[in-house]
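Labels run A, B and C following the written order; every chain starts at residue 1.
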Amino acid sequence: MTGAHLVQAPSPSENYETFFNGLWKQNPVFVQVLGMCPTLAVTNSVRNALAMGAATLFVLVCSNMLISLVRKRVPKQVRIATYILIIATFVTIVDYLIKALSIAVYKALGPFIALIVVNCMILGRAEAFASRNPPGKAILDGLGMGLGFSFALLCLGAVREVLGAGTFLGVPLFGPRFQPWVLFLLPPGGFLTLALWLLVFRAWQSRKERKQEQWRAAA
Amino acid sequence: MNSQAPSRPPLSTADGIKMVRLLGTVSFVCGLLIVITHRGTLSAIGRNQERLTREAVAELLPGMQRQVVYSVHGGELSKGEGSDRLAGKIYAGYDASGKLLGLVMEASERGYADMIKAMYAYSPSKRCITGFKVLEMKETPGLGDKIATDKNFLENFKQLVYDPDHPIVAVKAGAKKNNWEIDAISGATISSRAVGRMLNRSIREMAPLIERNLRRIEKGE
Amino acid sequence: MPPLAPEIELRTSPHFHSNRSVEMIMRNVVYALLPLCAFSVWNFGLSALALILVSVLSCLVTEHLFCWLSRRKSSLGDWSVTITGILLALTLPPGFPLWMVAVGGFVSVGLGKMAFGGLGFNVFNPALVGRAFLQACFPTAITAYSPALAKNRFTEFIPTTFTPPFLQPPPLADWIERVRVDAFSGATPLMQQKFDKVTADWQPLFFGTVSGSAGETPALLILLCGAYLAARNFMDWRIAFSMLASAFVSGAAFHFLNPAVYPHPWFVLLSGGLMLGAVFMATDMVASPVTPTGVWIYGALMGLITVVIRNLGGLPEGVMYAILLGNAVSPLIDNLTQPRVYGVHPRRRTA
């Protein structure tokens, strides 16, 4: 049996918090800095970022739900194996689905669909949340984290596509003579853009903390 | 799967059986899910892939109405996709009256970054390459990836002569003198040269084979 | 060598006190760079002047901005950011669009220097960080060279100079056709050597009247300016010397293996940015090793990498990447070459 957590009827505000925790406060990319491999590799366009975000969201929600359902039956010794098995299943499913929906997106994402299996964010949520909470909450957590992840990928993808190609979702923004910043389409551009966003987030957070400190001091 | 159980804390047989049973059940359910998805998406995936190649072939052979696929096995041509997925394929395109328009083949070569995969059209009657289309590449955006889009570069492949005595080769931008040469894109010389090598190698291998089997291909057998 | 921050001594012992300051050394480096700037303007005209001014200005503004953002005293007074600006300009093609130059200046100082904590903390030579960024972002613009000693160079700008921000520079071919004095195809001597196997004569290379980046061409002048700095002990001549010597030796090895493909070692030495890089950038005080053996290894490594990139790589020039790689390994070199303390037996370290 895992998790000594008490199981209680979740209140609406608690659900709300579970959901927004992943979306913002514990954002997997900007706060936890997890799942860097797809974050850096496939965010060179908004379309790829959205596709990767959606795929991860799907895997996260489904695996969270299934893991939460079986959480009381899984012996401690084989829990990681079980989680990985379940995650890998949904990754395979999403792989087939993307291939069926659009070969172009499938080719653009390349090996990174299969690599969702090793996205530590998903296993992290399985271990830290889904294995200790009822399915409803686990799904909410998956949704929050998955959307938070997608949001982060979108942030990176937008900067990289606008600067690197002068387009947004393939629509040209600046006319034909725009000078693309090629670097942003290449892997180093991914690192630079991520650093930029982390900078923004940290600056924003530390400002907020300072304000709170001042409030407390004033009180 | 029960090798996952660590041996250090001694486990009772009952525990072991429980683990095996759980993993077995989970594996079974997962397997079932995968099989269902696979079955459900199989036809859509097949259709997608087929449409992709058909569109590429149709783009290279404008006016094509019918397409026949040949696969190449050890220097021999056989009709149909064949079971060997690695075998070279020749897509023959025919117009409405059943006349052979041309053949489309795949070729690949190492470019500046990773392999460039492309398709090109070859007209056996004119003995020249009549079209070229990049399928997959990872060339530098803004430089090497122009081989797929640059109008002047693609103009090279409207009529690129296959001559057994002269290799197809990419020359410096603007230095093209003979119709078996390709004008490279300035600033993307390495990618352009890779295209030249790719076509040269592929056509040298395929042209004699096509010549030998031309009658068959013309009839679509 | 002065301490970069008063309480930190970066040299290995013995330590002597000298009353030189960072500010004074940096100012002297700027003096040494001024003749190069003047030559660059004479060689390439008004555009080179605009290039240098914009580059320096954008570096100064960036440094000031970062100081203001981090609520620190402005560090413009130590002259080091001026050096970064000048060096960045000297490594760019003379007609490089000014808006890209400004981007380069911002990246040089912002990413290459201030993000690490300012002067003394930068891992890489800031000017080269900026140039590497520009090379990766705008690979076409940074290889669009214009001819040296063009007609009207003092009355008109190179058409690419005033490209509107965020737009592509116009093609240069027509303009080059109109202003050139001799057969110039838009290729630097290095490019001609690499792609067409045409090796330039040594005199123009030596005196600098060839096409290339704004300040990299005059080999003789660079050496003279470097000699001034070395004579006043503002620069570690051993780094520059070992880099040049190593490039010469490895260039010679390549040349004698296959003279048809690889250029003569003198050409290796005089062409491209090797001189400028070896004298003014590899010797960056912050990013180079400080041990006596270390500086020799460091220089030799950079010379070798330069020649390897030039001869075996896809790019015609490799000095920039060689120096950046050298910067990256310099702490490692320092670590491996710690001198033995006098009178102490080398003993195996015990855990």
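One rule holds for everything that comes next: contacts are C-beta pairs under 8 Å (C-beta built on N, C-alpha and C of every residue); 3 or more make two chains touch, one makes a residue touch a chain.
Everything numeric in this text was worked out from a predicted model, so none of it was measured.
Asks: Can you name the chain that lies farthest from chain A, using the mean of each chain's Cα atoms as its centre?
Replies: Following the centroid criterion, the farthest chain would be C.
Asks: Which chain pair shows the largest tally of C-beta contacts?
Replies: By number of C-beta pairs in contact, the leading chain pair is A-B.
Asks: Hey, how far is the Cα centre of chain A from the one of chain C, in Å?
Replies: Centre separation, chain A to chain C: 41 Å.
Asks: Express in whole angstrom the distance between the two chain centres, defined as the mean CA positions of chain B and chain C.
Replies: Going by mean C-alpha positions, chain B sits 45 Å from chain C.
Asks: Measure off the straight-line distance from the CA centroid of chain A to the CA centroid of chain B, and report it in whole Å.
Replies: 34
Asks: Spell out, as numbers or ranges, the residues of chain B touching 2 or more other chains.
Replies: In chain B, 140, 142-143 touch at least two other chains.
Asks: Hunt down the residues of chain A that sit against at least two other chains at once, touch-wise.
Replies: 182, 186
Asks: Enumerate the residues of chain C that touch no fewer than two other chains.
Replies: 139
Asks: Where on chain A does chain C make contact in their complex?
Replies: 174, 177-179, 181-184, 186, 188, 192
Asks: Under the stated contact criterion, what part of chain A meets chain B in this complex?
Replies: Against chain B, chain A makes touches at 70, 73-75, 77-78, 81-82, 85-86, 88-90, 92-93, 96-97, 99-103, 107, 164-165, 180, 182, 185-186.
Asks: In the complex, go through chain B and note every residue touching chain A.
Replies: 1, 4-6, 11, 15, 18-19, 22-23, 26-27, 30-31, 33-34, 37-38, 41, 44-45, 48-49, 52, 136, 140-143
Asks: Which of the residues in chain C come into contact with chain B in the complex?
Replies: 139-140, 143, 195, 314
Asks: What part of chain C is in contact with chain A in the complex they form?
Replies: 100, 111, 133, 136-139, 141, 163, 166-169
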